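In the two complexes that follow, chain A is the common piece, with chain B as its partner first and chain C second.
Our next item is the complex of A and B:
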């Protein structure tokens, strides 16, 4: 390993990166686009559920219940005539998720202290949103019915009634329960993985395709120098992406950064190194830009997106898939990011994840150097 | 003194097989220091394979070769320090300027910092590219690209230079200029090992090895080779007759 040769490779790669302004723009714009796209569009928060209310009763009592729904920020009432047919039609064309039917004996039953019934009709296609919507509607109706009972008892002169059990909630982290606080940190892992693997997947394959590898091989340059020189150039680019993501996440989305920024930078550097090595390894093995590009897209984006716990909780996955996520480096980085951002946890909790990132980087780098050596001989 | 110390390049029973196919078949040669030595032969004769073995890019299947006293199979790193190599294809960086290409190879070959300006100036002057420093390599014409490639390959003053069909696809005037460069290098003491399939280029070499199907079928100075085929034989005659004889012999 000679410093001079490493520097020559690094400098050359930096020139390639700067000359290829389209790739450079892509590398710098992708984090912005992904952050804006996911930060705004991919919200897992369920609110303003489109609701059709069919009030058959049309009494002050039934309208009180309708007003409750109208007043809640979780529901948005679809205007226009309502009956069973329109409810089904709205649900069919997705202009409503929920239909509520208040039967015509609602007021009568409430007043005569019988059990009054309310029917919920629900689009279950998106099961996750549907079950959240049911939860909200049930809670709202339950609260309403508790109030009705209280009024009734008061009228009978029995005074104020207390609920037997009262729930007091204290949310420890992300106490506004906003999904962007959870998505944006995880997204940084996805961004770094995609950018790193995509950019580096081309770099060695391009040298083979252009015949410049042949020229390099006839010089005294060693595989380690070649790989480290290239890695270093793309590392600078990757860290720039990290800083962009950090600024956008904290600045624009207002995601709280509770933990240590230094820990964040160090862990990003470790993760980035592994991701870059992965791209280089693919590039070394395939020797073809197209193949390397496609492989790296598949092998970086999908696991980082689906198997990292970025959106989909690993605990809810089937056992076999859970075991598989253990070899996905993004899983560990997502854990670090979410920990540092939201909980402010430090090395004392996250050292295992850090250790894994170190081991992953070292392993992939070693394999890449070995493959490179084989191809060079 | 061992032969591999006395000569610039020594091949002993060098053989390279790719599966069933024998690309280089039991070739033995000695090339003296400062000599311009040519590998002449049709496409697929094994010229490039032989050169690539000598540059440490391929490992021989059997036999041995020494370049500048170093065994190519055992000490490829030291071989690479002492050679310049120019492949058939233009293999510099298209998106780098002439100057950046030169600086890059200067760094890769480990030219000492204080020697760099001098070597760069020499390479530029030799290649006639002094006025093209800021030109992107992809904008250079074929002949200039070849000369730049040669310039990059000799920055570290290698005692031996391997040129694999350096003038293919270059116009006759540029080819002639390129050979002037080769002569200048040889006069400076550099050993030049060149492959070609152009007959007139073969004439420029000090000594030639005619290769066919991986074997050396004739070896000598252009004059000696021609003399063996009659008084006013041309290089073409030597080439075609030798191949026909070889065909008849092995048939």
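Our next item is the complex of A and C:
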């Protein structure tokens, strides 16, 4: 391997990237757009649940419960007449998620110290939102119930009857439970994969398709030099994206970065190296831009997005898929990202993930060099 | 005119289906995507890994543990003897939460004093954490309710001639009834959405690439010297992918029904009709991509660049209702949004045209507009 030849290839590839300013702009804009989307617009947090309340009872007692719903930031009451028909209609056309029916014996039952029922009618189609929403509604009703009980006991002069056991829930790492705090760090893995998938997978295939590979073959350049030269150019681009994401994520969206920035940069470099090698490997094997692109989209972007634990937690996947995620490098990188960003953990916890990234990079690099040797020979 | 259009269509089909690898691309990726998406995209919380930190080791704390174990949602996978161990389990992500019972819990419970149980949650995934917190609170509140009921029947307030008067406490009990997806399975919600993802991506990309490839290789000039007119070329270039897109919609729907067993509550024909309307938009967008790109790489980048945000803002995984108001307005300009609503409405709610007509109209309006504008641009570019 000669430094001069490596530099020449790097220079040529860099020129190629700079010349095609549209692709360059997109390569730099993709992270910004994704960050803006995930930091600003896309959230799994549930609030302002559209709710229709059908109060059959219309007593001070039932209105007290209605007021509780009105006062909660989790619920937004849909105005207008309410009855079973309108609840069905609202849920059918998705203008409400939840219908609450307070039966007409509500006040009577509360006053006579019996169990009063409140019906919750729920649109379950979006199961995630639905189960969080119903959780809030039930908690609110139970809190109301506890308050009624205390009032009643006080009126009778029995003093307070406390809950036998109290649950204290403490949320670590992300105590406001904001989804952007875990999605934005994981996004870095996706962004780096996009660079690898969209740009690198095309780079060797393009030379074959345009017939410039023959020209390269006639030069004294060696496979390793060609591979590293091409890789280096995209590596710079990828790291630029990584830094952009870091600045925007922490600076603008206020995502906490509790661990070491150095660890973050080193692990990103390792991950990026492996991902780029994979893209080049596909590009070498297929020799077709369309095919290489499709394959790398399927084999790198899709797993990074879906099988890495970035949004969808691996614990909830079927066993077979869970086992499969063990060979997805993005899984380890996302674990590092979330660990460093949110938990502030260091190498003592994350060394295994780092080790995997190193091994993955080395393995794919070796295979890519070997394949390129075969194809160039 | 039709003769020339059929000629192009035939050429396009032959070109697409000639290579075994290309044939593979038409079937493989959608299938794979469907399966990975279908199994991986899942926000249901089952089998929560719980750490148990019992510093009391009394009969009462054992009873609490029994309640967590018998609740199928939780699996106790680790024991922690100290705060440090508990913290470590959470740091490493070995468990998703730790239940901590302080010393003296049993004694307090026996003495009817106020006691508490601590649940430490790994909030790293806020969505899972919120649901796990709800579940844990539910386990304890069920126990409390049973205990109160027992107290209620035991506690004597006084006696009359008719018999004893027992303490009676009012309570309000929520009763839930879930429509459309009674088991709250997220698969039923996501799998129909994947159909939208797949047909958008495939038709958009195939259309854009098939035209750009001709430009890149230089065969576009050859086509231009034939007597073919731009409109004919355009029809010839889009019709094959419309057909492929439609077939793929059917294939993917079939998988949804058979492998994932998602119920199709509404009408298949409404679904097919909406797909046709939707294809107008994606083919139009594909044509547009081809006019702004000179190389396949640019076309792919452009496709990706437009597709990703459109998909994210379609309501697939992230509910539109949670977005900031401005972004919600933007989503009204997104054809994917309407198609997503139709597909989910038809699959889950069994809605018909009476509910979904406005979405259908919007799809039609967008389809015709996008196709028309792109066609004009395409036309100009060719002249």
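As a convention for this text, the second predicted complex is superposed on the first by the 377 of 377 C-alpha atoms of A that agree within 3 Å, B and C clash if a C-alpha of one lies under 4 Å from a C-alpha of the other, contacts with A are read in each partner's own complex, and residues count from 1 in each chain.
Assume a contact is a pair of C-beta atoms (placed from the backbone, for glycine too) under 8 Å apart; a residue touches a chain by one contact, two chains touch by 3 or more.
Everything numeric here is computed off the predicted structure, so don't read it as measured data.
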{"item": "Which superposed partner A:298 touches (first chain B, second chain C, both, neither)", "value": "second"}
{"item": "Contacts of A:1 with chain B and chain C, given as first, second, both or neither", "value": "neither"}
{"item": "Contacts of A:214 with chain B and chain C, given as first, second, both or neither", "value": "first"}
{"item": "Touching partner for A:262 - first (chain B), second (chain C), both, neither", "value": "neither"}
{"item": "Of chain B and chain C, the chain that contacts the larger number of chain A residues", "value": "C"}
{"item": "Partner chain in contact with A:20 - chain B first, chain C second, else both or neither", "value": "both"}
{"item": "Partner chain(s) touched by A:114 [first = chain B, second = chain C, both, neither]", "value": "second"}
{"item": "First, second, both or neither for A:168, with chain B first and chain C second", "value": "second"}
{"item": "Those residues of chain A which chain B touches in one complex and chain C touches in the other", "value": "20"}
{"item": "Of chain A, residues touching chain B in the complex", "value": "2, 4-5, 7-9, 11-12, 15-16, 19-20, 210-212, 214-222, 377"}
{"item": "Contact set on chain C toward chain A in their complex", "value": "21-22, 25, 29, 32-33, 36-37, 39-49, 64, 90-93, 96, 109, 112, 114-131, 133-134, 136-137, 140-141, 143-144, 147-148, 151, 167-182, 184-186, 188-189, 209, 213, 293, 295-298, 300-302, 304-305, 308-309, 312-313, 317-319, 321-324, 327, 341, 344-345, 348-349, 351, 355"}
{"item": "Residues of chain B defined as touching chain A within the complex", "value": "55-57, 59, 77, 80-81, 83, 85, 87, 89-96, 100, 103-110, 162"}
{"item": "Chain A to chain C touching residues, read off their complex", "value": "20, 22-23, 26-27, 29-30, 33-34, 37-38, 40-48, 50, 65, 91-94, 109-132, 134-135, 137-139, 141-142, 144-145, 148-149, 152-153, 158, 161-175, 177-179, 181-182, 194, 198-199, 202, 206, 286, 288-291, 293-294, 297-298, 302-303, 306-307, 309, 311-313, 315-318, 321, 335, 338-339, 342-343, 345, 349"}
